[in-house]
Amino acid sequence: MSYLLEQVLNGLSYGLVLSLIAAGFAIVFTSTGVLNFAHGSVVLLGAYLVAVLHPTIGFWPAVLVGMAGSAVTGVLINAVLVRNLADRKPDTAAILMLGVDIVLLTELTRRIGNQVLTLGAPWGASVVRFGDVSLPTGRVLAAGVTVVAFAGLWYLFSRTDLGVGMRAAAADGPTASLMGIRLSRTAATGWALAGVLAAVAGVFLTSFPAPGVAPTVALSAFAAIPAWVLGGFDSVPGAVVGGLVIGLTSALVTGYEAELEPFLGTGFGEVAPYVVMIVVLLVRPSGLLGSKEAVRV
Amino acid sequence: MSELPRKAGGAVLVLVALALPLVLSDFWLQTGLFVMAAAIGAVGLTLLVGVAGQLSLGHAAFAAIGAYVYAYTTGETTTSVTGLGLPPVLGLVLAVGVAALVGAAFSPVAGRLRGIYLGLATLGLVFVVRHLLVNLSDWTGGFTGRSVESFALGGFSFSNRDPDYLAVAGVEFEGLHRLWYLFLVLAVAACWLASNLRAGRTGRAWANVRDSETAAAAMGVGVAQVKASAFVVSSGYAGLAGAMLALAYGRVAPDVFGLTASVDFLVMIVLGGLGSVTGAVVGALFVTALPLVLAQYSSALPFLAAPGSGGLDPSTASRIVYGLAIIAVLVFLRGGLAGAARRLRQRTSTPAAPPAPRTPDDGDRPVAVTTPRSKETTR
Amino acid sequence: MSPPLLTVEHLDVVYDGTITALSDVSLTVGEGQVVAVLGSNGAGKTSLLRAVSRALDSYGGSVTGGTVRFAGEDLAGLDTAAVVRRGLVQVPEGRRVFRDLTVAENLRAGGYTVRDAAARAEARDRVFDLFPILAERRDQPGGLLSGGQQQMLAMGRALMVSPRLLLLDEPSLGLAPLLVDQIGEIVTEINRQGTAVLLIEQNAVMGLRVADAASVLEIGRVTASGPAAELAASDEVQERYLGVAVPVVATEVVGSEPAIPTAEPPQRLRVEGLTVRFGGITALSEVSFTVEPGTVHALIGPNGAGKSTLVNVLGGAYRATEGAVHYGDAELTALPAHRVAGLGVARTFQNISLALEDTVEDNLLVGRHRLMRAGVLSGAFRSPRARREEREHRETVAGIAELLGIGALLRTPVHTLAYGDRKRVEMGRALAARPSLLLLDEPVAGMTHGESQEMAETIRQVRRDLGLSIVLVEHDMPFVMGLAEQVTVLDFGKKIAEGTPAAVQRDPEVLRAYLGAAAA
Amino acid sequence: MKHLPRASALSAAAVTLLALAACSTTAPSAEGGGGSDDVATGNGVTDSEITIGMLTDLSGPFAAGAAVQVTETQAYWDQVNADGGVCGRDVTVDVQDHGYDPQRAVTLYRSMAPDVIALQQVLGGPTSSAVLPLAEQDDVYVGGVGWAGSALAYPNNQLPGASNAVQAANAVDYMLDELGVAEGSSIGVVYFAGDYGGDSLAGAEHAAEERGVEIVAQEITSQTTDLSAQASALAQADVAGVVLAAAPTQFASLAGVLSSQGADVPIIGMNPTFNPSLLTTPAADALLANAYSITSISPYANTDAPGVQAANDLYAEADPDGAVGWEVPLAYVQAELLKQALDGACESGDLTPEGVVAALGESSSVDTEGLLPDGLDYSNAGQSPTTTVFISKVSADADAGLELLDQVSGPSAESFSYGG
């Protein structure tokens, strides 16, 4: 029983980190209609900055710089590239982001090399025990931070002018701009927010139980795509639900691989998120919490 | 009309392609094989995405099916894998057929989803197919894959043997040379078929479904059936491309048909210009050959560090150049390479009469990225 | 004397660098005035508002000549947000409330530019005073409000910035007469509180009643302007909106040589008790009428009356909630759209729905789809049969193009065509499907008077040459007067009148629907 | 496109005619040996020069380690050339970077194959499995493709030491013989999907059967950087030890999580699983406590082996600031193995690609001065050249973080055979 509980907690805490990334996808998509294939690289960039800077300026300042760096990168990508696309169409924008991803990822990979860059997170390899279940401190912290982050997002989107303006702009850009809401500003805010969330996720994805920053982190952000999609393209709460579902699915499929192997083959944990995603899309084409009008292509 | 020079140009290109094996080195021949295989896949995808308007990120999955069907049906049973040992021609036909069938089986899903939703559902397909390839190891050879029987036609083998020695104009024609011609025939045929489809009744129906399903249905176009036909045709093309890739490699492995391959296909058609057959071919050339050529020749560039010295080495530089090239095309060239070429032609030929139509000002104007919305106004 | 609040002088607006929407438009709005701009669909009214609110950019439009001054300041070079901060705000057509945001959040978004909390609270209180219903429903999503309430919310949202000038785009669109009157009163009240209003209306009576002055816009030009009372009395306005001066020409049915292969003979179309509901909204309610074979039957009614819904049901794009549509023996409501087309029912669309990059010929050939047989394989391999078929059908559509007077344009891409020609291509595509029943959805929307006349002539000719039934959907009453044998008038989803054009023209219900309660 | 079929049919016919006219299926008489000495030569060999190839990954995931190997290889051949070269010729190395992309690997192979006598290295699983069959067709020697058993099927491949299956079997043997794991207990195997992981699993399963232990297998991919779920599953199964066939990232994560869950069991990583930079991660303590490494090649720190010292010295001179690790001896020994094959081909008077492959097939007792276990036998095609491996313990004191404990050849490693 404690084994099941442990796997469930593992899955949920990992799922919350995924939901940070998924929320980034959702925010960028709603604020600018872009499927951000470079999001994984932005996650990696945030973690990389922390890893490189923490020996000189300390961990917490490095995290702040990492968040700022990711945010600025996102804002620049939007301002310099996305807004200047020759065909301002969603599929062109998605391919553009692939190009950006190639450039970012190649350069980061070159810089990281085959080293495992450590993050210098103060929680190290410590664990927290709940009865006979133990969870890495980093994960517990991640869960806490994620909950706080989503509370912050909720506050932003429902209690501040900027957030309400962003929602208005996402719902109907031209009309929002008639209200004096500058779409360039809400878009930049969206990209910045996604960058900050990505950096936070990057920190938790690369600290214990993961050993440090490696280029594969950019790929693990891909696991957040099913989370985003099944939650609903335009829904931040959907990203949370999606992240939890995917985290739980992966953990349980992996944790019970021995029992599932005869039916599903080995390594099904990698595929399970996509299978869940396809099934959800077939049943609810707009995702679990997405709005019907969200078909944007 | 400008048709004639275009056809003449096409004929010259084909002739050049026929003569190239006489002069090219193995490196270029191998590159050419990959380009032609990719071009066929890209042409199929541009029919689906560009003409019929259905976004697919799962093209590599269908290519994988084609590749493995060819390998399985033509291969012999060994200790590690089974095979049917069928004639290669039959294997090629089955590769196309089975991939098309799987496409048909998936098309109800395509009928239910649209746009990015469809794209991401097909993305899932890539992972599912990969999982199957790794796990059905009796048929696929698992993670390491299996070797591929070389192509043969009536006793003539497209490999280094049978006949063991063949020379044309003093140049020895080995497997690569022979495959070049096979691929060239397939590629030209594939482009010809795709152009016909695009220009005919089927292509018009696809384009109409893309532009407005409501209007298409009002013209008597069965939307679901037409969408399915696009999926089937495109999957068949992917299957052929996959089988050709398998032949070009001499073996198949799941890694070749991963997410990157799917994405590369999409990059090809967007760079080339959505919906354009020529664009797809040019895109395939660009995406496939550029990294290979850069990897081979970038060491000649003076400002780069030697490999392994920790500086900006040629390969890293080539990958970055590739990424930047994608960005540059999308930022500067509307309609991709095909669109740019079209505008160039229009500029050099007689300028079209300046149109001066009006537009009703109710309803939305074409929209920016910030407010994409469907063309149909339903309430 | 201080300058007028808003001065528009010699304004030209062009979309996509080529399409002219406004030319040489001048207009002023004085402090505390209500000015109405009247005009039909496509007249350029919305473009005028966008030029003033500096929102043209995001629609691909630009000001190519003339100036717009607000309180003496030239607005060129400012963006919408800057204009809003100066106290000039636009309420878009069709309300466009943020459906997922609550009423309070909608208002908050409206007050986005107001940084002063006290000013904002004051503005909100004023909005709630003006529209008590909004205060009551402040925590509900905007999408749940009724049409009238949404219009109030859209206006309230704009009032959050306490504007000096309010731009209203068709506030009465699709609202019941009672609500239209109410909106009119609200506009008057807003004006009384010190806000000038520039009002765009198709509903001339409503516009002229609340306005001090008005201009009539037609195809991008001002054709009349002056004090509201004066305009209301003018013959031109009377004619424009009621068609009283156009004589009714009886059309005779003449059998003659068909220019294209004949269709099946037309059947009787019977619509019985048709009701369509979307969610909670009833778009059509218990509508019944019959179209006799070979006649032109007009469906008219103001915007929002349910005409397009009806066409969409007839064409199979929408499902009927209740009721039945019989075409001959076939029951259309049970069929998907492409099967309806297969019965010989073809249609055009209100917003032109053509493949812009393709040639006229290719667009016309789409209509032949159901009559062609080439499948994927025979098409791909260009089998002799497929080639012969393609050639024959190209000849046929060339004939259709001749009939419609666009024969010379066959090889031209549609995107280079003028608007009127595009409308013809769209009709040609429908005709290419060899229909026995043709559904025309607003075939002259956005056309000049002359073009409308030509189109009317074309429709007559088509009917005469091809002997088919035509259902003609229009909101422009004068246009159908000379064309249709029978007219059915819809308002708010209900049939309010039926009969010959002359009879319908005199029907008090129709007058009220078109001209507002006061006219009846 | 109306005229295209006709045009292409015409041109096809024309070219066919031309081709038939110029066609020949009779091979010209055998090419004359080019050497001035009595040695037959072929691709990649001139009177003064031998060119060998290296297809490596300088821009992909293994870029950094590959760079170390390139440096060491260059240094090795420079030294050989300074000492008079091979067969009286200088050896030059053509290094190309496939970036871990099979398509690039195949194309680059095509471009280099006509100009090299042998490939000292084709790095990477998917890349080498794409190149190996082509090289087999061309009869080209290929070294340095890693240790997966699947490569043994190619007679032109030279495996540098014990294959992965033999390593894993030895790992199980070592746990039972030296680390106090009891018969009847369970041993976890965490492995990458693929031939490296699959081969390791096969070896471990063989050993488990021989030695009476249970295997608990967990498949992962290189993208799995957080092994919490796997660790929990292993802890749940109460494993007494873990064999890991993955990469350094996974080593650190698994060791860290197992330790945090209180599972104090030995973890033995297969060949490329350890990297000195792991000792800076939060998992360092756990690694120092429980982690072992089994390698086919001697670890960097091995003062008893002259070959290793020579390799290390060479590297220290070539790149004083370079990162040290097992790549240094590996690159050296790969070059050394190739040199021995080249020497063999030279002696038998056949300095051609085929001659090198033949020389490889005849070498039944190769010594490398302690870099690899002595007595490598390449004459038994399809089987691992040795059953002996190096076992080291992760240590903060040793250079490159691994302290050599022993060379072992366990009973189940010796009883393992491929295709059996």
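For reference, chains read A, B, C and D in written order, and residue numbers begin at 1 within each chain.
We take it that contacts are C-beta pairs under 8 Å (C-beta built on N, C-alpha and C of every residue); 3 or more make two chains touch, one makes a residue touch a chain.
Remember, predicted model here, so these are calculated numbers, not experimental data.
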| item | value |
| --- | --- |
| Identifier of the chain whose CA centre is least distant from the whole-structure CA centre | B |
| Gap in Å, rounded to a whole number, between the CA centres of chain D and chain A | 36 |
| Euclidean distance of C-alpha centroids - chain B vs chain C, Å | 43 |
| Distance from chain D to chain C - Cα centre to Cα centre, in angstrom | 72 |
| Where chain C touches two or more other chains at once, by residue number | 58-59 |
| Residues within chain A bordering two or more other chains | 106, 110, 172-174, 183, 266-267, 270 |
| Where chain B touches two or more other chains, by residue | 134, 196, 313, 316, 319, 364, 368, 370-371 |
| Chains grouped in pairs wherever the two touch, ordered by label | A-B, A-C, A-D, B-C, B-D |
| Footprint of chain A on chain B - complex, ascending | 49, 55, 109, 112-117, 119-121, 123-125, 127-128, 130-132, 134-135, 259, 263, 266-267, 270-271, 274, 312-313, 316, 319-320, 322-327, 330-335, 364, 368-374 |
| Of all residues in chain D, those that touch chain B in their complex | 1-5, 7-8, 11-12, 15, 18-19, 22-27, 56, 58-59, 63, 66-68, 70-71, 95-99, 101-104, 106-108, 110-111, 113-114, 126, 129-130, 133-134, 137, 148, 150, 193-195, 198, 419 |
| Chain A residues touching chain D - in the complex, by the definition given at the top | 3, 6-7, 10-11, 14, 106, 109-110, 113-118, 121, 124-127, 134, 136, 139, 205-212, 214-217, 219-220, 250-251, 254-258, 266-267, 269-270 |
| Residues on chain C engaged by chain A in the complex (per definition of touch) | 53, 55, 58-59, 79-81, 83-85, 89-92, 96, 98-101, 105-106, 108-113, 157-158, 161 |
| Chain C residues within the chain B interface of the complex | 15-16, 18-21, 41-47, 58-61, 93, 219-220, 278, 283, 309, 312, 315-318, 336-338, 340-342, 346-347, 349, 351, 353-355, 358, 362, 365-370, 372, 374-376, 379-382, 386, 390, 415-422, 429, 433, 445-446 |
